[in-house]
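Each of the two complexes below includes chain A, the first together with chain B, the second together with chain C.
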Partner chain A sequence: MDELEEIKITFFQECDELLGDLESGLLSIDAGATDPELINAVFRAVHSIKGGAGAFGLEALVRYAHVFETLLDNVRGGKTDLRSELVKALLRAADVLADHVAAAKQGGEGDAVSTAAMVEELEAWISGGPVPTAPAEEVNIEPNEDGIVFTPIKLSIPEVDEGPKEQAWTITFQPMDELYSKANEAGLLIREIERLGKIEVELLDDALPTFDSLDPETAHFAWKVRLRTEVPEERIREVFEFVEGHCSTTIVREAPAPTATEPAAGPDIAAIIAAAQAGDAQAAANSAPSEEATAIAPEPPAASLPAAAVPALAESMSSRGAPPPAPEKGNQATIRVDPERIDKLIDLVGELVINQAMLAQRVSGHGFAASSDVGRGLDELEQLTRDIQDSVMAIRAQPVKSVFQRMPRLVREIAGQTGKQVRLVTEGEGTEVDKTVIERISEPITHMLRNAIDHGLETPEERIEAGKPAEGTVRLAALHRGGRIVIEVGDDGKGINRPRVRQLAIDRGLISADAQLTDEEVDNLIFLPGFSTAAKISDISGRGVGMDVVRKSVQGLGGRISISSKPGLGSMFTLSLPLTLAVLDGMVIDVAGQTLVVPLTAIVESLRPTPTEVKKVGAQGGVLAVRDAYVPLVDIGRVLGFQTVDTNPAEGVVLLVDSEVGGRAALVADSIHGQRQVVIKSLESNYQQVPGIAAATILGDGRVALILDVDALVAMRRRELPRADEPFIEAAE
Partner chain B sequence: MHQPTNPVANERRELTSFWAGGQEYCVDIMSVREIRGWSAATPLPQSPQYMRGVINLRGAVLPIMDLAERLDLPPTQPSERSVIIVVQVGERLVGLLVDAVSDILSINPDQIQPTPDVGCDQAKAFIRGLITIDDRMVSEIAVERLLPEVEVLAA
Partner chain C sequence: MTNTLCLDPVLDLKAAHPLKAALNEHRGSSVQLDASQVARLGGLCLQVLVAARRAWSEEGHDLTIEPRSAAFSTAAALFAAEAHLGLNAENDGAIP
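Coming up: the complex of A and B.
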């Protein structure tokens, strides 16, 4: 791969992050946040995408991003009011931008039709909404309660800024160490400024220490540039855009000397100019990340300033107090690491865990007591190994935010297609889960959201009729519970129409007409293959991809999915997944001479039944009396084909498990070895899926042991013993 | 498949030959990752008879296939002398249980003859061609055809 390609890949990675920032920023604004830094961040995201795209010659992307950026800049400069309709338009514009980026990644260009429509809309906003400039006389420059003079920039325009006219600016900037460490340099900036007009540069070397205390890696100089130019202030600011946060900058317009071209400036005008300068200094202080900014801001030339204006300026500057901390993103020291390296590390730690177990087994085989030096040393090693494992897994842990971020757009699109009004509420975006899980939860979540909006929520008319707000709410939440991650997708819609679901299941021969089902069982019928409750198969969730597919993919991850529903109030899907697909806590058991691992999460309890608790049912079936209930017995060895005769449960051990498909079951094994954390090894990577087996692991003795897929195992047994009244036979597959 | 079926003429190929079910077979040496002794495999439930199970290959789970049984010959009786030839098939690794490794053959492509119709589907399916060396006949195995069709059995 050539170097440019590599940089391009990095660019697209950054684009994804920037698009995420863009969308989350807009969403916060939409939700009512008013922090000016938010709109700045949104602007920066689009600007950076445009800049990068320009470097790679992605013309279409640049053209579109430019329009978008212009509008955002207007918003930033207060020229366009940030109304709620505008935010909605900006969100759609962000979607189109994401499409453009995605298209550019594939080497193409974004859809021309949607782009043209969006550009038109954006341009309408750009030209439609400049705030009418107020005549200077009516200007109110009273400081607000914080003593900050408001809206000064707008005021000065009509008097001073009639068309391009040469003006004098004083630009002071002091680079910080970061500026140099990011491979920028002051000379380049000065050269950029020079392009704008005539400049005089003055070096400010006051901060230069004596030679013996000089740190060559530290920035000591500042520069003062006097610029005479016709370009507007924004152009000057643009020069510093890419060093924002790494340089304290002030840009101050000098009061024009009263010349022949200028009418004699009355005191009013002078006050306005002073206010404008105060505003400029203010803006500069805002964007400057540290206190030096205010400190080195030059005194505006006092000569033309009426004395009264000076205190106001001084006040406005000192009232700023400590400037806001630099945007957090710039300070976040992160490194990009090839995921393969981390995977390798995780594999190696897995090996270490296996090796440690192997060592422990051998040591105890040689008769060392746990209290001996060797035994204690091994304990410490085990602890350490676990710590390393946890730390390594933490490297790969990522907040679910990256998945959740994509959902608002999806919701907007589905809402648009279905004509429903939807508000998406997300919770627990910071919940961390292993990258391997992250990559694979996006699809089930997408399906669940589609389902919630398409089937769950009512149309606005129906909602109003039912006495609900027209806008439906879909809640997407992530949380940790019992060593698993739980994802909930809930809606406040109509809930599952149980009689209809039941009738459909009967019509399709999935259950018999006289089957007695609990409400919960009826709800779960929607997970049956090919089940679709929408009377007309809709474009959104009826593409033949039903909830059965979702369930299957969730089960493939070692997860569970269930639904609960209250008629008229809504439904909630609950998805429970392991935090990682790399390790698992398991119970090691013996079955017909084979060692197997049962995931601990599936086990409710283990017990040794007495012969009287075991009851025969029919020729082959059996149940176990557990307290007041009868639980079907499942002989692991026979279901897997390791033996042809059932183990007598009274001579072996029984594991009570909760299976997703058939409720509680009693798995019969020969004996239990104990609990162990095992490293999950895929069978599919070199072979293929094996029924009843979730994965494999390597035990302390170096041999491969298979990890049981409890749900599949129970399902297999059910297939073996079909019963007429069993509604979940199909679902179990 | 990374294995060239039509190598440039006159380009010599090297093959590893071995005994399985009393007959001599070979595979392209480039597909052989390693050769190791037999160690007991963990049986896989609900799998074809010729799949002897899985073993631990330095942390990876390696499926072991009895080549003789795959070719419809009598099953191999694993002994201390039995050998597992680890071959790469696409992205996957699979271990072939054979009786013994015999030779490394260096041949011209024109020494390979297409498999005649031998009336045994299994053999015909898995044998790429026949190689004659002196009075020996060695069959080249098409390793990529050995693994069972990828099917989602648990679905």
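Coming up: the complex of A and C.
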């Protein structure tokens, strides 16, 4: 790939992170956080995007970011008050910026209309905010008792606070080789400085060697830029933020010209600063007033001196050499790695796990005892393999933040479309999950959030009427539970309208009119395919728009989804997903001569039932008595078609499992081999989708074993049985 | 005799080595650089051009940049390198 193209890809990756920082910073401010570092971080994010965009000549993005950045600079400089409406405007501006970045990524430019509207709004804020100014009070002028008329006249009183004044700065910078090799350009720096005010540029070519000895990729030129501007020194330094470490820079404020009333008494501050930066304190003290500062410091100067503050100089000089306070992010030492390399590594470790299992099996086949040297060595190898696998998986693990941070915008947009007031609360953004899962949870979460706002929350009027605050709350949370990641999407709306949902299910022929369903079962009707269409149920309080699609995609991930709802108080969807789609802890079982793997997360316990604990129900069904409860028996071999006759549970082994569809179930198998970590191989991509089977794996002896999809298996069994409203009960009697 | 060398549209880091090599081929004779297609002029190629102009001048030859695209002229002005490249009318041909 073209080197510049690679750098561009990195730039866009950074943009995604920066946009995330920008939004989360603004949301924190919106939520009432007052840490000044937040607005600095927000500013830096926009500034960094602008800087990178400039390097790639993305002019439209630069122009927009510049306006955005100017307003943020005003905010952090205290020129513009950070009130609530402004934060909202900034959030919208961040959305437009994200659009620009996305468009630039595709080689285009952001939408001109929305950009123009946003720029206008931002500029209105820059010039004092879109708040209409109150008309001047009219003064009634009446003669006083002496008949003298006092006419008010306007006096111009010199302001006590003079505000920012234009100052002259001398900026000298020498790009290093790395500046150019990182696709930056000296010209861009000059152009950035030019944006700050009036400039005069001088090319310093003294270091240029002869043509013959010139290495074309070695930087020799330096530039001296004289800048007249009102912006503070900080803004000038920010121009060089992107090239930190790749450019020697000095920024020196020129001493103001002495006036008649204020003769130049002390030494020239600029000269003192320059001397101080050059490391000569004595020279600083003796510096002549007219001496010009031209020293090129090897590093950007650490201390920035306050305006003409001679007393502060000593302190400033003493802090010379101290590293500048780097932004927090800069301290994180990270490397960027092509994800394909990690995927390859994970595949290889998977093969290692399989190989280690094969080796263990062969060794035990040769009669080595577990306590022998070979046996112990194998144990250590197994432990090591597992550690390597965990570590490799940790590399690919990512916090769900990358998905969560896209949601506030979605919420704003849906709220805007529906006219509802919504506050999104996110929790557990740092919860880590494998990249393969991250990539696929965005869609179900988006769908659930859309549903929560569109159908879960009431309108502000309805809420007020119900005694709730006008603004509804939608909560998005992530947490680890039992080796899985759990995502919760909850709202404080009116909850599922069960009578309505039940009626709809009856109307659509999904349940019979006299079916006895628990509240939970009614709630879960919304997941049934064909339960609803958006047009038909958008006017009811329940949910259901495409929830079958959501459930299908969640199940495709090896996950489960459930809903709980309280009338008047709200609903909550709970998504439970595996942490990775690459490996799985499973129980290896035998069923009708086939070796199968049951995911360990689904298993509650395994037991060998006595004949008295097994109760036959009807011709085919049966239940198992487990501690004062009856659990339906599911014969794996028969459901999957391996055999036509049920295995006698008393002669085999039973695995008690928890399924989302039918609660607890007892899977009947012939025998258990043991617990093993297996590497998941997709059946769909290598063969085709098989009902009741989630994936496949390769066992220690090289055979392929199928991994059961417990929920699907239980559901298949339930479908196989006659329904409650059919003559099943009669047959059982 | 004056040779003409057409400059590439993008004069960035990657173009610096080829530019020097291309100029070297015209060493020992006056050369006219056609910058009419230049869309981007970077700092490294600027160095090559300035060093070349000095070398040509020392050897008694001319190195002129004509015609020039607007982008080239703007970049030269931004870099404050017009005089170094002999772009100022009064300095034309002179070594700054």
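Everything that follows uses one rule, which is that the second predicted complex is superposed on the first by the 507 of 733 C-alpha atoms of A that agree within 3 Å, B and C clash if a C-alpha of one lies under 4 Å from a C-alpha of the other, contacts with A are read in each partner's own complex, and residues count from 1 in each chain.
As a convention for this text, contacts are C-beta pairs under 8 Å (C-beta built on N, C-alpha and C of every residue); 3 or more make two chains touch, one makes a residue touch a chain.
No experiment lies behind these values; they were computed from the predicted model shown.
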Looking at A:Thr210, would you say it contacts chain B, chain C, both, or neither? Reply first, second, both or neither. second
Determine, under the contact definition given at the top, whether A:Phe221 touches first (chain B), second (chain C), both, or neither. second
Looking at the overlay, does A:Tyr180 come into contact with chain B only (first), chain C only (second), both, or neither? second
Contacts of A:Thr644 with chain B and chain C, given as first, second, both or neither: neither
Please work out whether A:Asp347 is in contact with chain B alone, chain C alone, both, or neither, and reply first, second, both or neither. first
Considering only touches as defined above, state whether A:Ile693 meets chain B (first), chain C (second), both or neither. first
Which of chain B and chain C A:Leu706 touches, first, second, both or neither: first
Figure out whether A:Ile190 sits in contact with chain B (first) or chain C (second), or with both, or with neither. second
On the A-aligned overlay, A:Lys681 touches which partner chain: chain B = first, chain C = second, or both, or neither? first
For chain A, which residues belong to both interfaces, chain B and chain C? none
Per the touch rule above, chain A residues touching chain C in the complex are 3, 57, 175, 180-181, 183, 185-187, 190-191, 194, 201-203, 205, 208-212, 214, 216-217, 219-221, 223
Once bound in the complex, which stretches of chain C touch chain A? 12-14, 16-17, 19-20, 23, 40-48, 50-52, 54-55, 75, 78-81, 84
Touching residues of chain A toward chain B in the complex: what are they? 347, 350-351, 354, 552, 594-595, 640-642, 681-683, 685-693, 696, 698, 702-706, 709, 712, 733
Touch list for chain B against partner chain A, complex: 40-47, 51, 53-56, 58-63, 91-94, 147-148, 150-155
